[in-house]
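Some structures are shown below for you to check.
Heads up, the next two complexes both have chain A, just with different partners, chain B and then chain C.
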Partner chain A sequence: MSGLRSFVARRLLLGAAQIVAVVLLVFALTEALPGDAAVALAGDQPDPARVEAIRTAMELDRPAWERLADWAAGLLHGDLGTSLTSGRPVAGYLADGFGPTLLLAALTVVLLVPAGVGLGVLAARYEGRLVDRLISSVTLAVYAVPEFALGVLLVTVFALRLGWLPPTAVGHGADLLAHPGVLVLPVLVLLARPVCSLVRLVRAGMIDALASPYVAHALRCGVPGARVRRLHALPHALAPAVQQLARTVDWLLCGVVVVETLFVVPGLGTVLLGAVGERDVPVVQGLAVVFGVVTVVLNLGADVVAHRLAPRAGVVA
Partner chain B sequence: MRARTGRFVLGVTVVAVPVVIALLGPVVAGEPPSRDGSFAGGGAFGFGTDFVGRDVWYQVLHGGRPVVLTALAATALAYLVALPLGLAAALTRRRLVEEALMRPLDVLLAVPSLLMILLAATVFAPGAVGLALLVAVVNVPDAARLVRAAATEIAARPAVEALRMQGETWWRIAVGHVGRAMLRTLAADAGTRLTGVLYLVATAAFLGVGVAPDAADWAVMVDRNRTGLFVQPWAVAVPALLIVALTTGSNLLFDAALEGRGRVGAPAGREKGRVRGR
Partner chain C sequence: MHDDSVPPLSSDGRFAGLRRRGFLAATGAASLGALSLAGCGGSGDGGDPKAGGTPQRGGRLRAAFAGGGASETLDPHRANLFADAARAKALFDKLADHGPDLAARPRLAERWEPNRTLDRWQVTLREATFHDGRPVTAEDVLHSYRRIADPREAFRAKASLEPVDLNASRATGRRSVEFVLKRPTAEFPNVLAAFGAYIVPAHAGDFDANPVGSGPFRFVSFAPGRSAVFRRYDGYWDGAPYLDELEFVVANEESARVNALLGGQVEYAHELNPTTARAHEGSGQIDIVRLRNSAMQAFCMKTDRPPFDDVRVRRAFFLIADREELVDAALAGAGETGNDLFGKGYEYYADGLPQRAQDLEQARFLLKRAGAEDLRVTLDTSAVAAGFTEAASVFRDQARQAGVTVDVRMGSKDSYWSDILDGGILCCYRSGAMPIEAHISQRLLTDSTTNATHWRHRDFDALYRQAQSTPDREDRAALYRRMQRRLYAEGGFLVWGFADWIIGTARSVRGVEADAPANTLDWARFDKVWLA
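Our next item is the complex of A and B:
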């Protein structure tokens, strides 16, 4: 177990370094603004009063390291700063958009695991036959398609031509659970890419495991095939899949931003994109830190779980 | 083997349509047709007009080139940085140098790619060149890791030991032997990476990063013409279908080309290279 403990310690260290890096990178953003940051942020026709307001709001007169220290200390207390355009605290923006985004992400992950593992195992079970060929081709084809193109085509077919589902979430506010029909297309679009990659990984892992000597031995000893697949082969196939699940966070974030724009869902992605459009730096920074930290933590967790499942595979640490 | 050839042909067929339109479209498009009302019907192939009344078919002919060229440029740029970085890290005999080169990249891998692009877009308002640079930067950490992993394996071979003992220069060993021996691995990775880059370039353009709001660009067309989806679905469906064909086709093509080379699991993306054998 000392191997696991030292692995976890090294992985935690890397995770902490990554969080510090995310915070520094996000802070460096204002420093990277060309010329006078306040003038750059004020827009095309900088009006002196607005420039002055931004300068005061962002405390640009103080040295960078002082602002960094203040900002980082604020982050630790959950104070993410104040919006430049509305003067509201960034935490308020987060609270507004949190619900719909969490709902979308949670629904996607909940459906992703059984769908991905199930289809992967099914394809491996019937390797080379029609079912396998069908699953493999479809996952390969859909894998690389950007969410917006897929989403727009699904809307055209299912909302416009067939009229089965609403095309956007407009008019339902943040309470999406009350209108489950609204959620079908967004979740489907969000699922498309991660499911494909998960299916392919599980399938490859299962085929490997089913061809291994220990599975052959278990079968020779008379262990039923279903039991061998579930208890012996599957854990072996899951280790790479667990890591992929964490990598999915990256995709889910890309996906959430796109899907929320496409279906007009009032979540964090919409808030982020709106802030990017208005060059509202504190809001972008606050959201970026939250997204970055969530990604780091989930990756860390998945690496530890994957290490526990298959200690031989060297995982980054 | 037959299934593989079949998929190869399918991939080529699917990817040929958008690539031909992207490369030759601007040549054959000719003069822009006169403007009509927004989202009007008619026009070439009955595709009608877009949100400001321009001919959709004319915009489609022009809209592929930025997507394809930006993606190609970004992939090339990513390798331009990743190759020397990965080679240097693999071939140095000083552990400290290797750590100094690779550890910062480990840390960068933690930042989601689209987030990085959106962060930079807030500050710089990049153009097409800026977008290519950004997507390249996002791809450098993963590409450098792959180069390092491949080069480390080759550098441990007896041939390289022999070259070292003969006193060959670092340059000859790195470029002449290790670099050449890596070409197949790199070609495989370049294919899958290009698919991922296409995804990222198109998505960024859809979100308005690196493009003018009325640019002739398939992703921008999808975004801007969405308002008229009910009146004039062609203005959205045609560019969206072309993007789907481009990404799906290239993925099928590269997968078929790489099959039988011991690759398993999902192609492309940032997940690769995270697992490394020490």
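Our next item is the complex of A and C:
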């Protein structure tokens, strides 16, 4: 177990370095975008004197490295800074956006895991038969539909034609849970593609494992087939799926811009989109930190779980 | 002159609304506003049963706008977007506001009177109270204007208030203010109606926690980028609104606004695409309201840079444009053609000038005379406004027929307006509604702050100044006509169209004024709207 501990420690250090690199890169890229927060705020009234006044008020006239250093110093005290545009704390932006994002992500994952694993195992169990072919072709077809198109399709059919569900979550920003109806369509759209990739991974892993010598050996020893599948084959099949799942959760948490925009869910993706448009550097950086931490932690967690599921796979190398 | 004490919608404004009605009935748009005004309902229903009826009290209206995300504020002086302006207008008042012809109409100001030289204006406030019960006083007015003009701040209306000497201006009574101006300003009422020039209480606190204004609605709650809930203010000086409650919700994607409207989640959706409007017009599900003359669409030539420093090249470009095709292709037909002048249908518009049409032969001839055969120019555009990229590619094809090669260059939409102010030679341009005088003073004088055509002519400046010191309205109109003739002949704005601003409403919504270009008084005016 000490091997695992030092592995985790090394990965956390590496992760911290990665987050720093991401934040630096994001800062550099945002600075490199044409125009700054003052220009973006001035909009169609780019009176040069006004832009200059905004720039001074925002302290954008100070050198970039100085602003970055100030922000980093604040970060060490847990202060993410304040928005250039509104003057409100960045932490508030993140907290407001995180609720809806987390809710959508959690619901999606809760449905994704049983659906993906169940269908994958089922397909593998009946490999080559009708059930398998049905599952495989449907998942391939759904996977090929872009989120935006699927969203528009679902809204048109279920919200506008049939009137079963509300078309958007407009106005319900803070209390989405109080109106669960508005969550159905966004979650369906979010589920569609991850379910398909998960099913295909689990199916392939199961088929691989079922054809392996150790499964054959277990069967020869008289272990019942269902037990072999559940205890011997499935964990092996799940190892790659866990990493795929981590990537999916990462994607869900780091802003699903298309779904948020389509259904008017004010999550982190919306905050990011707005902040980049406004050149609101502190907010963009705050998001970069959050997204960096989420990515590092999730991938680390996935590696550890995969290691536990299939120690010989060598993921710890 | 403007010493009128007429109610905000004077009789000629009402008739303008009635004239428009026949047209609207023909296009299928139904909800009309003029009828909501007490004392003028019933007549002139235009044969549309949905338009009229007696206004009913009560109900909650939800209105979807594109918004500013988590950075939104209710500080009316920081208003920037349409959503900001609509919320500000619900909570606050200006001293004046623009009628459908963009002439200033008294609001919190009951009347105004200039001195003989037009550089001192006596403004009398009407009896009005803020939501906390305190009266609106001259001190509040001066406080508001001084806040906007604060040199440490960058409020949008600051440039509009520039003519006012706020140190010399003073309260001459509880409800009267004397404004001292830096120079004669015949159109001073336009300043009072300027975008963002709202009156806030002198002791205003935090605008986002508990904004107190004198507008038709009082504050209930606000979540930036999500929703703002307001409630009827019974003590409103212009009559309490019909609605009990008004909620602004933010949906940046047009399809989301339409879907929310179709799905019954909102009753009013601002800023729809022409294609959406066409799809739903007359479908019976929702009503489409087109606000005519809301956005000037133009190409902007830098008149001090080759090749456009040669007036013959500018004239050739005027003749290259096929305006009908531009309106059809770039605005999907939702608009009307322009005549290279700003402000069609507005006060002082020079509508006597002949409509320009495409004349490729003459354009080629002019280019040849200017020694600009095989001309190659770069046209800047961006996805910053609807129809920009389409207009650019349509114009590129039209120019090719005259032997001009146009290279279209896509720019960043976040910095576009700033980039084109001094960069490039030719760009796509649009402008919301403002008085013609404001268009000239902001864009066409030597010291204008956003002079994107680099139109700098001392004699033109002098004409503008002369107009501003001319008390007689007719004499002033003649001067504006002279200025516009000059711009028509050799200006840098190739104004090819005026886009409609399109609004969708639920069928139960009444009293949405159609004769109200975006940003004028009756645009997004919810105190006169009711639910049937």
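We take it that the second predicted complex is superposed on the first by the 248 of 317 C-alpha atoms of A that agree within 3 Å, B and C clash if a C-alpha of one lies under 4 Å from a C-alpha of the other, contacts with A are read in each partner's own complex, and residues count from 1 in each chain.
Quick note on the criterion: contacts are C-beta pairs under 8 Å (C-beta built on N, C-alpha and C of every residue); 3 or more make two chains touch, one makes a residue touch a chain.
Everything numeric in this text was worked out from a predicted model, so none of it was measured.
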**Message:** Just to be sure I read the superposition right, which of the two partners does A:247 touch: chain B = first, chain C = second, or both, or neither?
**Reply:** first
**Asked** After lining up the shared chain so the two structures overlap, which partner does A:149 touch, if you call chain B first and chain C second: first, second, both or neither?
**Response** first
**Message:** Looking at A:185, would you say it contacts chain B, chain C, both, or neither? Reply first, second, both or neither.
**Reply:** neither
**Request:** Using the touch criterion from the header, give the chain among chain B and chain C with more contacted residues in chain A.
**Result:** B
**Message:** Output check: A:104 vs chain B and chain C. Expected answer is one of first, second, both, neither. What do you get?
**Reply:** neither
**Message:** After the superposition on A, what does A:167 contact: first (chain B), second (chain C), both or neither?
**Reply:** both
**Message:** Let me test your reading of the model: by the given contact rule, A:23 touches which partner, first (chain B), second (chain C), both or neither?
**Reply:** neither
**Message:** Per the contact definition in the header, classify A:209: touching chain B only (first), chain C only (second), both, or neither.
**Reply:** neither
**Request:** Tell me which partner A:279 touches in the superposition: chain B (first), chain C (second), both or neither.
**Result:** both
**chain B versus chain C as contact partner of A:261, first or second or both or neither** = both
**Prompt:** Which residues of chain A are in contact with chain B in one complex and with chain C in the other?
**Reply:** 33-34, 40, 152, 155, 160, 167, 261-262, 273, 275, 277, 279
**Request:** Sort out for me which residues of chain B touch chain A in the complex.
**Result:** 3, 7, 106-108, 110-115, 118-119, 121-124, 195-196, 198-199, 202-203, 206-208, 219, 222-223, 226, 229-230, 233, 236-237, 240-241, 243-244, 247-248, 250-252, 255, 264-271, 274-278
**Message:** Which stretch or stretches of chain A touch chain B in the complex?
**Reply:** 14, 17-18, 21-22, 25-26, 29-30, 32-34, 40, 133, 137, 140-150, 152-153, 155-156, 160, 167, 196-197, 200-201, 204-205, 208, 240, 243-244, 247, 249-251, 253-254, 257-258, 261-262, 272-273, 275-277, 279, 281, 284, 288, 291-292, 295-296, 299, 313-316
**Complete:** chain C residues touching chain A in their complex are 62, 64, 68-73, 80, 151-154, 156, 158-159, 223-227, 247, 249-253, 255-256, 259-260, 262-263, 265-266, 411-412, 414-415, 417-419, 421, 431-432, 449-450
**Request:** Would you mind writing out the residues of chain A in touch with chain C in their complex?
**Result:** 33-35, 39-51, 53-54, 57, 83, 85-86, 88, 93, 96-97, 152, 155, 159-160, 163, 166-168, 170-171, 173-174, 261-264, 266, 270-271, 273-275, 277-280, 283
